[in-house]
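Please find the structures below.
Each of the next two complexes has subunit A plus one more chain, namely subunit B in the first and subunit C in the second.
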Partner chain A sequence: MELFETLSRLTAAHGVSGREEEVRALLAQLAQPYCDEVRTDVMGNLICRRAGEGPRVMLSAHMDTAGLVVSHIQEEGYLRFSSVGGLTARQLRGQSVRFANGITGVVDAATEKGEKEPALSDLYLDIGADSRSEAEKLVSLGDTAAFHVPARQQGERVLSSGLDDRAGCLVLLLVMEALKSAPNDLYFVFTAQSRVGLRGVQTAAYAVDPAWAVVVSATAADDTPQADHRGSCALGRGAGVKVMDGSVICHPRAVELLDRLAEKHEIPVQHEVYKAGRSDAGAVYTTRVGVITGGVSFPVRHLGAPVEIADLNDLRRCVQLLQVFAESELSDL
Partner chain B sequence: MDLFETLRALSALPGPSGTEEPVSRAVREMMAPLVDRVYTDRLGNAVGEKNCGRPGAPRLLLDAHLDEIGFVVTGVEEGFLRIQTIGGVDARVLPGREMTILTNPPLFGVVAALPPHLQTAEEMEKTIPLDQLRIDIGMDQQAAAAAVPVGTRAVYRAECFRLGKDQVCGKALDDRACITALLRTLELLRDRELDVDLTVLCSTFEETGGAGAATGAFGARPDLCVAVDVTHGRTPDGPKSGTFPLGGGPAIGVGPNMARWMSQRMEEKAKAAKLPYGLEVLPGDTGTNAWVLQISREGVATGLLSLPLKYMHTPVEVVQLSDLEALAQLLADFITGLGKEAPLCWSC
Partner chain C sequence: MLELLKTLCMLDGVSGFEDQVRQFIREQARPYADSIREDAMGNLIVYKRGAKATGNKLLLAAHMDEVGLLITEVTDEGYLRFRFVGGVDRRVAIGKPVLIGPEHIPGVIGMKAVHLVKAGERGSVPKTEELYIDIGAASAQEAGEKAPPGSYAVFAGECVEFGQGFLKAKAIDDRVGCAVLLSLLKEPLPLDCTFAFTVQEEVGTRGAFGTAFSVTPEIALVLEGTTAADCAGVPAHKKVCAPGRGPVIPFMDGGTIYDRELYALLTGLCRDNGIPWQTKEYISGGTDARTFQRSKAGVRAAGISAAVRYLHSPSSVAAVGDLEEMLRLTRLFLSAVAEETQEVRHGAV
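Then we have the complex of A and B:
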């Protein structure tokens, strides 16, 4: 699997929370050759098993992105919408979004210039339609749209919409491909509805019932001029070993093991503390009798913006670290 | 058992949420002689089981939490540590505090505090936001960065000592005082006949949402449970409502989180034994593990007993030993005969 080309395909696929069909189909197609079993559950999670003798181990990344959902079509053809997954008016205003069927529009505010910061309810989406009937030929109520800036490689950096968490999905695919042995019963899970409250991963983790889990997620890089030092990672310094975020405190055994494997295999890593954000790990560790949960992260600048920036080497380090983790002998208690 | 010495030993151990193992291990050792079996689980809970030997007996879970609030290092800047909090830390009380940095071996630290001479009038009026606070460990950048990796935890460093005749001051008395009370309860039950199977869950992660209680209860499958936690002790500067004077005994929780019959049974037992108590009316989320335990699996009939504590989430928390003893007595009386006397409908 070619890293940048696959990432381009993944970030281009539509998959706003709850409407993950397109990206899920792509992931299923890419994962199939490397897995013994691929299934979709009720919540829309894609669960891919690579069977082994050892304890059940779940590796997951979320496949949904934030976006917007059409809630009203005006007489004049403009669309009103709600935000899905936490996008703010500030992030949306002036940006272009695309629907699953390719229809594209621009978000603007129905307030006069110079007034105070518009609220989400002030925003509308213009798809170039002149009337309701014309707009209804292009989109329907309930359709979702998301940022769609295509991936572009500049040196070792990638700029794209949706790196959170499609780059994490890519990491899982590359781990599947790279695995030599599988002493553990591995479940690669691409979760749905993470952005609306870590929803999909809850049913997936309940169903898989793993002893161990590692969640692959984006972390806000703390190396930008506006960084408030609530995070700890910088681009290009290696795979993040999650210590904690706003939703989880990782199991000390998971942190220690990932550190030890990184040292042994000379994989550059950095500890991640990211109090401002949440990850699927926050819902995994409390599943059933508890799960020994860790996280592997890649720093992303401008997280949530139409164009995010990540480092390709960081992604490669994540793959290496997860591969040696998945190939290691894991014990339960 | 000596309540003060037990509490002092537990207070001294570091256990911020997620890294409670030193406390968990000590509690398992203390609990072992008082129960049939002790074990730990994936999230580090310290669990004790004491069975009554009657087939089909109801299963009662008692909960108190092991963890304390704390800090995590997010970076090193000119040798000073940047920190974020674990649990509900009060940033107002931080400057000038002593810290234990949980490296191996641990390091001393102090929270940097700008002298009053160097503060502007405006600065003196304001609380310093957490992202501007630093821990000084007396090292330069290179030495500090090598000694303290990102992710290292820290806790308050504070002696545990007697305050006046019967009160005790120290860090992490929330909720180690209630762990101590549960150990005392087990001691009181040693010579009594039980008609319930007892699980004592000393749980992790309470200060960050109750993950230990959730997973521990899932594993233990109780029918009934009582959460034991701290509530606010009364002080002259605080409100009269919703606070409880030290020495006035434990507070019995009343509200939707608690099964009505369990609150009532606690009150009846307190009256019968002439134990001091208060009633704590809680209209919704109790902010304790009771909230998590109640909805475990198919649901668990839940009670809440709280120990009055002053200066919650500071390094100088204060409890009164007579309240610990009264809580343990009340809980032991509550448990005695519970299997026979509990209503058939546990939710009533």
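Then we have the complex of A and C:
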């Protein structure tokens, strides 16, 4: 699997929370050759099993992206919408978004000049339609749209929409491909509806019932001029070993094992301590009687913006670390 | 069904204090149910076999609780401090009559007299802590005996039919769902159904956790009351929905992205059977569906709601016609699910 080319395909696929069909189909197709079993559950999670004798181990990344959902079509053909997955009015205003069927529009604010910062309910989406009936031929209530800037490689850096968390999905695919024999019963889970409150992973983790879990996610890079030092990771410094974020304090055994494996295999890592943000790890940890949960992260600049920036070497380090983790002997508490 | 709804709306059922509603529903359901149980949270779970043995496949749910007030403190003067239970806009509460506890001690929500309001305060709504309930007590001791901290209070007021087929009452959210389910329960059913009358929805869909966990359904249909904002001066894209335009079938709200196939099934049933319908044209709020959906390995979630104006207020307003259409649609939904479902040998809860 070629890293950048696969990442380009993944970030180009539509998959706003709840409407992950397109990206799920692509992931299923890419994962199929490396898995014994691929299925989709009620919430839309894609659960891929690589059967083994040992304990059940779940590696997951979320496949949904933030975006917007059409909630009202005006007489004049403009669309009103709700933000899905946390995009703010400031992030959306003036941007181009694309629907799964390719229809593209631009977001603007229905406020007068000089008025205060618009609220989300002041925003509208213009798809160039002149009437409700014309608009209804192109989109329906409930349809979702997202940023759609194609991936571009500049040196070791990649610039694209949707790196959170399609780059994490890519990492899982590359781990599958790289794995030799693993002593564990491995489940690679591409979760749905994470951006709207870690919803998908709850049912997937319940069904898989793992002893160990590692969640692969983006973390806000703390190395930009506007960084407020709520995070600890910088671009290009290696895989992040998650210690905590806004949803989880990782299990010390998971942190310790990932650290030890990184040292043994000389994989550059950095500790991720993030005072905000939520990851699927928080929801996995409390599944059933509890799961030994850790996280492997890759720093991303401009999280949530139409173009995010990540480092390809960081992604490679994540793959290496997860591969040695999946191949190691894991025991229950 | 309208009379049933009115009776249900007049019962007390502040979250955590759903006893009156539960008892009424239990009595109504008893002659028609195959089994009735109450779980530790207080959810009432009624199972009724249908023509097709489908076991726990389908869960139908409505919540019994309503928003209200909880007494927190008796002041030295014999007034009662309180907190709201569930989301109540305190602007709608000021000056309203309430009834405290099962004894229905009458009280009025009061605030300081207008001549004491400073100029700077006039533009803002007093905080809940500044409001109190006046039960006309002569002393703190009397007030404390009649309404000790921990007592609940409901909004007082009669059910009134008015205008072109509208009903005004408290607690239409979600006695409307309870009324539809109770009516359905009295009919022969095309498949086995579990009817859940849940508690503590208004304080964070708390009752639904236990319900979903013990029932483990494949599909959960939630019957609800939802905010209508078709009020004077509201632009079209913020009206959400409107009473009188048929059942509201949501594709998404603040807590749930509903199962797409079930959404398509419900809207298709409306189109094919001449049932007026609307969707929620503003994404907000949440229902028990959010909890059912994420229970165990996942449950397919669907919703049918009545559009209700002034939702969490003493005077919520719904259209009577919507009620009948909700029942019709739910009936059709049951038949459609029954049609596509294989029979199971051991159907039990």
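Structural remarks
Just so we're on the same page, the second predicted complex is superposed on the first by the 333 of 333 C-alpha atoms of A that agree within 3 Å, B and C clash if a C-alpha of one lies under 4 Å from a C-alpha of the other, contacts with A are read in each partner's own complex, and residues count from 1 in each chain.
Just so we're on the same page, a contact is a pair of C-beta atoms (placed from the backbone, for glycine too) under 8 Å apart; a residue touches a chain by one contact, two chains touch by 3 or more.
Here the structure is a predicted model, which is why all the values come from computation and not from measurement.
Legend: residue contacts after superposition of the two complexes on their common chain; A:T104 is shown touching neither subunit B nor subunit C. In the superposition on chain A, A:V69 makes contact with subunit C only, while subunit B stays out of contact range.
By the touch criterion defined above, A:I292 reaches subunit B but does not reach subunit C. When both complexes are overlaid on chain A, the residue A:N313 reaches neither subunit B nor subunit C.
Contact with neither subunit B nor subunit C is seen for A:S328 once the two complexes are overlaid on the shared chain. Touch criterion met: A:M244 reaches subunit B, while subunit C stays clear of it. When the shared chain is aligned, subunit C comes close enough to touch A:T203, but subunit B does not.
Comparing subunit B with subunit C, more residues of subunit A are touched by B.
Of the two partner chains placed around the shared chain by superposition, neither subunit B nor subunit C is touched by A:Q91. Residues common to the contacts of subunit A with subunit B and with subunit C across the two structures: none. Looking at the complex, you find that subunit A touches subunit C at residues 17-18, 41-43, 69, 71-72, 74-75, 80, 82, 121, 141-142, 193, 196, 199, 202-203, 206-207.
Across the complex, subunit A is touched by residues 17-19, 21, 40-43, 72-75, 82, 84-86, 131, 149-151, 205, 208, 211-212, 214-215, 218-219 of subunit B. Those residues of subunit C whose C-beta lies close enough to touch subunit A in the complex are 236-238, 251-252, 257, 259, 263, 279-283, 293-300. Subunit A makes touch with subunit B in their complex at residues 211, 222, 228-232, 243-244, 249-252, 255, 270-273, 275, 285-292, 332-333.
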